[in-house]
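Both of the next two complexes hold chain A, though its partner changes from chain B to chain C.
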Partner chain A sequence: MSTTQLVLATGITLMAPILWAALGELITEQSGTLNVGIEGVMILGAFTTALVYQRSGSPVLALLAAVGSGLLCAVMLGALYIRRGTDQIVTGIVFSSAAVGIAAVLSEKLLSADSVQVSSLPTLSIPLLSKLPWVGPVLFEQNALVFAALIAVPCVWYLMHRTWFGLHARAAGERPLVPETAGLSVRGIRYVGLALGCALTAVGGATLVLSVAGTFQPGVTNGRGFIALAVVVLARWNPYRAVLGALIFGLAQALQFQADSVPVLADVPTSILLMVPYVVAVVVVLLTHGSRYPGAAGAPYRPRAEQVGF
Partner chain B sequence: MSTTGDGRRRSLAILVLVAACLLALALGACGGSDSNDDSTSAAGTTGGAKTDYKVAVLSVGNKTDGSYGQSLAEGSAGAATKTGAKVDFVGNLNTPDQYVSQGTSFAQAGYNMVLIGHGAMGPVVVQLAKKFPDTTFCHTLLPFGRGMENPPRNTCFFFARGELGAFRAGALAGLISRSGVVGANQALVFPALNAQINDFALGVKCVNPRADVLTTITNNDADPSPTKTASEAQIAKGADVLFGATGTAMAGVFQAANDHPGTLAIGQYVDAAPSAPRAVVASTIVNYQDVVPYLVQQGIDGRLPQQQVLGSGLPIRIGYLKFNDPVYAQVSADQKAAYDKIDAAVESDAIKVPGPDRVGNPGDWRNVDVSTIGCKPAA
Partner chain C sequence: MSTATNIPAATRFSLLRKPAVARAARLLLAALAALLLVSILLELLGADALTALQAIVEGALGAPFSLGQTVMIASILVLTGIAAAVPFTARLFNVGAEGQLYAGAIAATAVGFQFPHLPSAVHVPLLLAAGIAGGALWAAIPGLMKAYMNANEVIVSLMLTFIATLLAEYATTGIWPSGLATNTDPLPGNALLPTVSASTDITLGAPLAVVAVLLTWLLMNRGTLGFQIRATGFNAHASELNGLPVKRIQVLAFTIGGAAAGLAGAILVAGIQDSLIAGGAAGFGFLGIAVALVARLSATWMIPSAFLFAVLQVGSNSLQVKAGISPSMGAVIVGVFVIALLALGAIRLGTDGAK
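== the complex of A and B ==
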């Protein structure tokens, strides 16, 4: 495999956790909730995966447990964001901080140092396609969670743009009065959106453990949740564009450690290369200046009946 | 429904959240400092005699991080058993204010010694020592930098020469590498860690001058992902033996080795064999497991020097390799014999492994001719 192929293949692997989280956040935000606690959901998903994998040895069970942890986070966050109507930015930041602390404490208590190591998922080769010259090993030899993340992209697009749920969710995110007038529960729709979003985000944490890092450490998410938030803005809430956004960050990370094999980058100091993902983040913010969030995203919604005192 | 009632409930919810967050952060930051689990003493053991000496060990990692923090935690437990002192270990401390806060608490509680295991906390040690003259504050590096010229008398600075282990690891890697390419990953840039990577490279060159040493700085000692990615990049360039001075991110090195059969890894600080039984060939043990009891005993005996370098010629071994026997069994007898010679030469100081004063900057190994430090590659 050439250096370019290696950078691309590694970049795609590193893209997957960010993509899962971005897809989750995309659903959550489009249904009207701005979940800044995404980093916390991700790290709790990663911790749960490591814990269950360590106890059971089954990546499938570990993945299901991660989904469970995501749903649990959704219940907690939903009670605050949606039911209590707390400030979503403050609550999200506080939740993330708490989750990082909780994961650190629990990992020290529950994960033994000798066996935190998790076997990476095996690489799957797609028949025929993996034999294609040059692109075959790059695109079609990845692990199951990377392929699943890519398959999830059209699924999320279909869910949000071709189903009744998607229509209702987007309405709840843009103009919540519309679904309410149609007799729907805005809070209920947002709960479902948050649950789906947190589940996918937790799968991102699981992907980090099972596919990328192969272990759990308290710092394993390393800000990827917040990067996913940036990816959603960059993608303008379009799942297909989210792939591109996540890939940019994945490639930026992959390039850091391969740069000395690329002639034009060989003499660039390591410290400069380590800045690349963050420079990319700044550029993303500049490029997406003017992006419009879903109209009601981040604003707590009180049903009309409550507002008029019934 | 009144607006005031809503506001109160919202405020209450935020208050509860903030309180929960602070509690979690405190637990995370303190690593269970007030937990009896982390406090050990020799009562009821057959180790050292009972003493009133009390020690707190404050560390950047934790007792299960598979790295630096774990080695200090094991040293703390060993100190309690061997010396009879009460020894508290507190992990997961990262910032100066956390060390000041914890150090103050223990000093006010009448602890005799507070040992700080974080390379950047020298100024904190001096600050605390000035404030609490009855407590001795120790630091795992010798004093360096502005304001550290004349530290108070109740400080103790020690440096366990981890680079001795790194040099031995390099020699082993150079001997067993089939491709002649080895990789070394470094988490952060500071003199002691730079010296470890430089001495690893010198160890490789000592036994195989034609070998290639690939070094990478990941700038992250907590997230294993960049370490794994960097290791995989080295494997792609032909490296078949990997070393890491990467703290808790070390798991990334093991994972990369696990995923690429035929690649071996050398762990650091603690015996890494249980983490990757098929990939780890050996672990460099700086040996805080014995250093902490050694220092505590010096404290109890009232003969704790203000500065000391711990290397060869002590009752405890510093910077040695602990082999993973099932993997090491695959190393040929000739290679083992060659390694044993290097090991003995380092121990006897026939090979003078340079320290941070000489190879304290990244890449300094390229400026050292291995024959000038006692290596005889032809042998």
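== the complex of A and C ==
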């Protein structure tokens, strides 16, 4: 493969964890909750994957366990964000740093150092398409979780725009009084949105371990969850555009891995290359400053029925 | 349980009806709940909870040297607490104090190495000023982007933290390499903050943090700008209609916060670690958020709050030896405590409680 192909292929592989997290956050935000705890959900998903994979050797089991950890996070975060109505930004930040801490503590205790290595998922080649010249090896020789992330994109769009749940979730995110007037539980809808979001984010963490890092280290997510927050803004809550956003960050991260083979980048220090995705995120937020968050995202909802004392 | 209409059942007891008492009761309840959760967690991890908690307290307060270290870390946390609290008061989420701390630390290091022959009386103030300027500039970026372009300050300040952390890493390897990958050579002696108490290694940084608290208190409670910052926090739109320069106030709130974090960076470099260390801030910026919340954004309460978290932070370092638990447990204890406080409504920000 040529260098360009390598950078692109690596970029697409690195796109997948961010894309999973961004899709999850998109559902959560559209249903009216701003989950800044996404970084914590992601790292716990990554840790759970490494743990279960190490103990069972089955990537499928590891993935399921990651989904479970995501749902567990959703229960905890939902109790705070939705039930108790705590400030979502502060709660999310504190949750994230606590989760990074607990993942570090647990990994030291439960993952034996010499066997932390998780063998990466096998690369799947799509028959025929992977034989295409140039684009074949870039696009169609990836692992299953990368393909699954891309398949999840239209599914999330369909869920949010063509189903009963999506309609009411977006209403709960824009104007929660509307679903309540229709006799629905805003908090219930938001719980489901948060649970779906955390589950997908945890899959992102699993993808990170199974297809990108191949191992778990404390701090393996390295702000990818927070980057997903920026991707959602860039995508203006559209899953298809989220692919583009996640790909930008995947490519920005790919540069550091392929720097040796790109003549221009060979002399740039590693720390500077590592900065690229974060600089890109700042620029992205700056360029998309007009994006409007869902009307009620970030504000806890207290049902009117409760307020008037029913 | 967050609005006046929803009085918790406990307030049937008349004493608990006093807001101050009720708040203290919630604080105590949250502390107990956190203690219980942490103990369970420690036992699950196979450590004796009592031994571990004892190790934390002894590790932080047991010897003059460790007490001195706790005081110095508390000074840093007071400043990162201010860095969170001032913008929070204007309802701006500065979650990037860690990055502003590194920006200040890098600027201070630059001054430290640039003028090796200046007398201490000139060098130290210059170094502190550089730290303050570095932090203020780094914080001005999200401040300006938030105020004038309505960019999300949470994402921007977080991303700038990652960038500044990597800049510090680059500074130790690329700008001032020492042969060691993670830190620079020690700063020249006349750039270091003078020691206040030799037996405990407490340097000028500690009194400086107290001065910063006093200044912040004056600014927030006696100054026009403080009033404007609070007004903007209560209702930015109404403030704007009343002729307050809201955008400028927002930028200033961020900059003041960043200046405090930058000073923390200068103190860390020239008063505690004596060199720039990559990763040397070890979460002090994020701890500042917890410090600010527990102090309910009040400058004076920042000191006891910072001391509490400094005990946890310094004490956690002895967990590895005494209880076989990673020092990262400190971050978990802090997280559990703050989340318990949030859940019980003991700390509350403007938008808290359902609308």
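Going forward, the second predicted complex is superposed on the first by the 293 of 310 C-alpha atoms of A that agree within 3 Å, B and C clash if a C-alpha of one lies under 4 Å from a C-alpha of the other, contacts with A are read in each partner's own complex, and residues count from 1 in each chain.
One rule holds for everything that comes next: a residue touches a chain if its C-beta (ideal position, glycine included) is under 8 Å from a C-beta of that chain, and two chains touch if they have at least 3 such contacts.
Keep in mind the model is a prediction, meaning the values are calculated, not measured.
Once both complexes are superposed on chain A, the partners chain B and chain C clash.
Once chain A of one complex is fitted onto chain A of the other, the partner contacts of A:278 are limited to chain C, with no touch recorded for chain B. Look at A:60: by the touch rule set out above, it reaches neither chain B nor chain C. Of the two partner chains, neither chain B nor chain C is touched by A:75.
In the superposition on chain A, A:257 makes contact with chain B only, while chain C stays out of contact range. When the two structures are aligned on the shared chain, A:213 is found in touch with chain B, with no touch to chain C.
Shared-chain residue A:151: touches no atom of chain B or chain C.
Once chain A of one complex is fitted onto chain A of the other, the partner contacts of A:268 are absent, as it touches neither chain B nor chain C. Contact with neither chain B nor chain C is seen for A:167 once the two complexes are overlaid on the shared chain. Of the two partner chains placed by superposition, A:135 touches none, neither chain B nor chain C. Of the residues of chain A, those at positions 80, 84-87, 90-91, 94-95, 97-102, 104-105, 108, 218, 222, 271, 274 touch chain B in one of the two structures and chain C in the other. Put simply, chain C touches chain A in their complex at residues 1-3, 5, 45-46, 93, 95, 141, 145, 149-152, 154-156, 158-160, 162-163, 166-167, 169-170, 173-174, 283, 286, 289-290, 293, 325-326, 328-332, 334-336, 338-339, 342-343, 345, 348-349, 351-355.
On the chain A side of its complex with chain C, the touching residues are 36, 79-80, 84-87, 89-91, 93-95, 97-102, 104-106, 108-109, 218, 222-223, 226-227, 229-230, 233, 269, 271-272, 274-275, 278-279, 281-282, 285-286, 289-290, 298-302, 307.
Here chain B touches chain A in the complex through residues 1, 6, 9-10, 13-14, 17-18, 20-21, 24-29, 31-32, 62-66, 70, 91-92, 216-220, 222-226, 228-230, 232-233, 236-237, 248-249, 251-252, 254-255, 258-259, 270, 274-276, going by the rule given at the top. The part of chain A that touches chain B in the complex is made up of residues 1, 3, 6, 10, 14, 80, 84-87, 90-91, 94-95, 97-102, 104-105, 107-108, 111-117, 119-120, 208, 212-215, 217-222, 253-254, 256-258, 261, 270-271, 274, 306, 309.
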